[in-house]
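Below are two complexes that have subunit A in common, paired first with subunit B and then with subunit C.
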Partner chain A sequence: MKNLSNKEMTSWLFLAPVLFIHLLVVAIPSLSSLALCFTDWNGFGKINFVGFENFLELFDDRVFKKAIIHNLIWTVLFLTVPIALALLAAFLLTGVKRFQMFYRFVFFFPYILASIVNCLIWKYLFHPIHGLAAFFKDIGWESLATSPLTTKETSLYAVAFVDGWHFWGFLVVIYITAMYQVDESLYEAADIEGASKWQTFRFVTFPSIRPMFLFSFLIIIIWSVPAFDYVYILTSGGPAYSSEVVANFMYFEAFRNMNVGYASAVGALMFVYVFTILGFFWTLRKLGWEI
Partner chain B sequence: MRISENKLRGAVSNHIILMTLALTIIMPIMVLVFNSIKPDEEFGINPLGFPETVRLMNYYDAFVIGNYAQVMMNSLLLVTGTLTVCLTFSSMAAFSLAVLNPNGKATILIGIYLLVGLSIPAQLFILPLFIIWKNLHLNNTFIGLILIYSALNAPFAVFLIRSYMVQLPRELFEAAIVEGASTFQLFTRVALPLSWPVFLTTGLVVSLAVWNEFLFAVTFIHNEEFKPISTILYSFQNRREENYALISAASIMMAAPLAILFILFQRNFIAGLTSGGTKG
Partner chain C sequence: MRVISKSIFYGIITTSFLFSTVAVSKTQISWWNYSNEGSGLNAALTQYIQDGFNSSQSEIELEIIFKEGEYNEATRTALLAGVGPDIVSSSGATYVAKYVEGGFLKSLEGYAEKFGWSDKILPWAYNTGVFSDELYSLPKNYESMLYFYNKTLFEENGWSLPTNLAEYEALAAKIQEKGLYPFAYGSSGWQMTHEHLAGNYLNTVAGPDNVYKAMVGEKEWTDPEFVESLELLKKHMLAGYWSGSLENYYAVGWDDFSAQFQNREAAMLQIGSWGFEIATGLDGKSDDWGWAPLPILTEEGGEPNYQLSVGGTLSINAASKNPDAAAEVLNWILTNKDTIIELTKSRNFGEWLMPLYYEEADFAGDIEPKLRDYLVDFSERTGNGNYGYTTWTYYPPEAGTHIWKDMEVVWAGDISVEEFLVEQQKLWEKARKNNELLPIAAR
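Right, the complex of A and B next:
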């Protein structure tokens, strides 16, 4: 008996350091944020409880509403373009032997580059005078010589494009891993039946990688919520809030305006949203969906 | 004969599509490389192409003006500090979960806790963390940022190392116990030496995350002399907006160490970075 409790003690001792730093850095601040979102604290003065006022104010905030819509557009963009491109690339890659490692290397490469480096590449290319604009001017396509990052109508899409450009190779790699686990005999059967490439993809490849596909769906939805780096570095949400997203909005409320309560309310909403999505997927899984 | 002709045509069209996709990645990166060796005065007449005169001095200028000797040292310190703290703590936790108490209730609870921790958006906790760090005088210090990075990367590291350690044969541990090894010796003499491949993978992924990290670096370090490479490059970009030769060279210097590591350890990188994917 003594031996057993001793063993339990040791196993907790080995866990203690990680739990300590994780509680200190993530859990305790998260819980404080969930408490502070009901206050009007500004970081140093008195803390007043204000109930749901921050949330009411948020839903009246024009910029915040814009940011939410932009996050939804962002999510939909990432759920379509990178996924489609990555499925295409991964499917074609399974069919080629030569240069396969080269392609894989190239597609994945931007994923290991820092956001700041990727942003610089595209800041230059999308510059109103340099980069592609200068090139288009040279060959006489004046109408294309504008900067998508500083135009209100396109800034959000331009930022999402840069982030997507860096991200989609990650999807290629996880899809191709899944595709290589597909039973070879299924392909042979499809071949004998005379299936076209599209039919092979539609009826053999895609159903087999469905769990990985749904998983990528889930992580894209979750990762779109805190999207920050690319927006902050490329446009800071501008011009005129045309590329503002929730994470950037929260960052400025927090660190420029020191509205602790207000910013915490934004964080709390992001948290609730992420865990609703997780709960939704978890329920589907419980209901017997193959996720 | 017809089949092989079809196959050939198929392979060619595959390569055309794949090559087009690859070029959309290669060409922008090439432009960055060209810019980093282009003399300033050539930008006006040659926006995208290879420079007529190669100017390698851009790298020297960027290194000196950006004080890169110091900056690289800062980032290296953050990486090694995080690797030390994060891998030590995480391997202890992984050892506990995989070997000491593999089927305990605690294991499931801790697993759920770490999974939840992984999914919390940073925006929820970054502001209270900033206030706590200010009161602990950890803002603007390496140790403060190292603790944050260690905690943020710990869940991933624990899962990855644990998944390796559970596969170690239990007989090895039992034999060591028979020979009178203490629990601590089981950890240092048996579990750690046998798990080194997973430390390579985990270490690479953690290094990558720390070297490239932006949000916490820009929030927690304001003194120029302590700034890591990512935020230095950010202020560099803002201060010398139009000096593309210089900032391109600076960017390449940031990307190069990781690019080299990636070429050397491509398999480990990809396995590590996508392991979250396959475990769900």
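Right, the complex of A and C next:
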């Protein structure tokens, strides 16, 4: 304490209320949850220590394994499709001079809508009797007259599509913001050199927004782990676990099967995974990467 | 004048104080209930139970507090923290079992004896609240699974209700030939709908005796009659009995299947007794409707049964400072059958139909006669031992969720019915080993 200057003390004092609240509502519950993963607690009764039994059972759980694979697919989907579309849209929008705020609003709009609203819209559109399927059936396109949400081969991709539809506008906005920070003279130089649109993007825009791009990459990897609301509302992980993800599995175990200890083990593994990813990016930063 | 005014002023103050003292001295009893303001539940409970009880006496003040969202979670958190309401309501026996295990509920055994509750509640329903020989919860509502059908449509086509498997399949084929769905139903928004169908087939194919034996460990769930039940369900599901196809069934929710039944897209509806709400939707239209117990789906058919189900329970918090007053509230409910009938009537008999001993005379003339017939028939049939078991009242948590969650895997063809039942058997054995079985009265 003696070594702290007055300025540092003041900083800590300002931080103290936030740290206290964080400790109370985040750190302590998180640590308790970590402790529970070594127990068989059902959320009500006695708590028995079971060592690593929950983890051993998890590694043998076919639904959990399926959920992990789905989360990996989910992550890959979100690291590719929304990012590619958002980069393209942001790059094209930076060249639009009129109504740009309008376009930004249009892209961002689904992001500010509540997930339940987005889901209901798409649930109706994907409805096999009343939705687009009925329209395709009427015009004779029988192969498209199905519901992607209730077909096990497509349900995961359909849910990811709906979630991606709401999410990509967020990426567009942060990429546009980053693109506006790029030094105009670099574009002028590229123009003088006769660079094509693609070359301008490849050698001027993209390197300049790389920190923002990597940031979006990082948050997508992290946010893909607790992906829950869209899955829960649209399919509840079905049909036949075809769209099951880890967070939905954890919720189900904790609140339906009343296996709180088991669900905590899932939470602990999610925690370890996120920290590993953060550690990886932190290491890259230490190695001098601009992240 | 000033003196008089002053006297009046002090008089008013003193009187107010005395009144407030009287009000404060009343024993306060709190009760948490889930909220459903849109459907009028909150207003009905306040009117019939809270105000009804409070105006019936002057010692106890009951307050019903309506909890938005998942009230079981709010209740669980409060109980774990050693607080919560005096009267604890829950969604069913699964929660009660866990609360009892955690020591959060007060035994009602003494009150049951004192007030004679076992004489007021139907025995099978009373027994669902008995854990380790002690009563811990009272049943708030009872339900069963039924058939609703479009009577006019049946008459127009010369169809009749099936009494065995052959007739059932023949009827479904005829309805499908007409371009209609045999049954309106779907699981969108309520995945647990699968367990209604699974329960129906287990109780009408394997039969309640076998289901009972499997539940108490005298048979295995992998036995052939259970395999046959779920194979038949799978066959009918894939044949599009419910909303035309498996894909449609997964996409159709309450509003959709209500409309299917009311708009002649489906000829029948296989649902719980809460389906009266949907069937009465036909009342303003030209079509008439009817109901029937589920037919026995074997070659020879047989006497239909009603599956027993308790939806919702009432208990007393072990941490309550006034358990005796809380028991008085519960006893008032059980002894005021007229109020309960008025309350459940205001809920279209879908809620708060307490499993009490009802007679035809209990129901006033303005009750829907079909509904009255069902209530009386239910009492008679179940009283004669023709009853089965719903999964959500009698299955332990993991086996109960497995039966609907993994049923989709069977229908998808990812696992066989046999493999599914092996898992089901394991979960029952696990529950038995961990003493997690729910109360099942001997047949």
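Annotations for the structure displayed:
Criterion: the second predicted complex is superposed on the first by the 268 of 291 C-alpha atoms of A that agree within 3 Å, B and C clash if a C-alpha of one lies under 4 Å from a C-alpha of the other, contacts with A are read in each partner's own complex, and residues count from 1 in each chain.
By our rule, a contact is a pair of C-beta atoms (placed from the backbone, for glycine too) under 8 Å apart; a residue touches a chain by one contact, two chains touch by 3 or more.
Fair warning: this is a prediction, and the values are worked out from it, not measured in the lab.
With subunit A as the common reference, subunit B cannot sit beside subunit C without a clash.
Judged by the touch definition given at the top, the superposed model places A:43 against both subunit B and subunit C.
In the superposed model, A:79 makes contact with neither subunit B nor subunit C.
Contacts of A:128 after superposition: subunit C is touched, whereas subunit B is not reached. Legend: residue contacts after superposition of the two complexes on their common chain; A:257 is shown touching subunit C, with no touch to subunit B. Judged by the touch definition given at the top, the superposed model places A:151 against subunit C, while subunit B stays out of reach. Look at A:239: by the touch rule set out above, it reaches subunit C but stays clear of subunit B. Once the two complexes are laid over each other on the shared chain, residue contacts for A:195 go to neither subunit B nor subunit C. Greater residue coverage of subunit A by touch, when subunit B is weighed against subunit C, goes to B.
Contacts of A:247 after superposition: subunit B is touched, whereas subunit C is not reached. After superposition on chain A, the stretch of subunit B whose C-alpha atoms clash with subunit C is 221-229, while the remaining options among 95-103, 203-211 or 221-229 stay clear.
On subunit A, the patch touched by subunit B and the patch touched by subunit C overlap at residues 43, 123, 130, 255. Taken together, the subunit B residues at the contact with subunit A in this complex read 10-11, 14-15, 17-18, 21-22, 24-26, 28-29, 31-32, 35, 43-44, 47-48, 85, 88-90, 92-93, 95-97, 100-101, 104, 106, 110, 114, 117, 119-132, 147-148, 150-152, 154-155, 158, 183, 187, 208, 211-212, 214-215, 219, 230, 233-234, 237, 244, 247-248, 251, 254-255, 258-259, 262, 266, 269-270, 273-274, 276-278, 280.
For subunit C in complex with subunit A, the touching residues are 73, 76, 79-80, 94, 98-99, 101-104, 188, 191, 243-248, 250-252, 256, 397-398, 401, 405, 408-409, 411-412, 414.
Partner subunit B is touched in their complex by these residues of subunit A: 7-8, 10-15, 17-19, 21-22, 24-30, 32-34, 36, 43, 85, 88-89, 92-93, 95-96, 98-99, 102-117, 120-125, 130-132, 134-135, 138, 165, 169-170, 173-174, 177, 197, 211-212, 215-216, 219, 222, 225-226, 228-229, 232-233, 246-247, 250-251, 254-255, 260, 263-264, 266-268, 270-271, 274-275, 278, 291. Of all the residues in subunit A, the ones that touch subunit C in their complex are 42-46, 123, 126-130, 146-147, 149-152, 236, 238-242, 252, 255-259.
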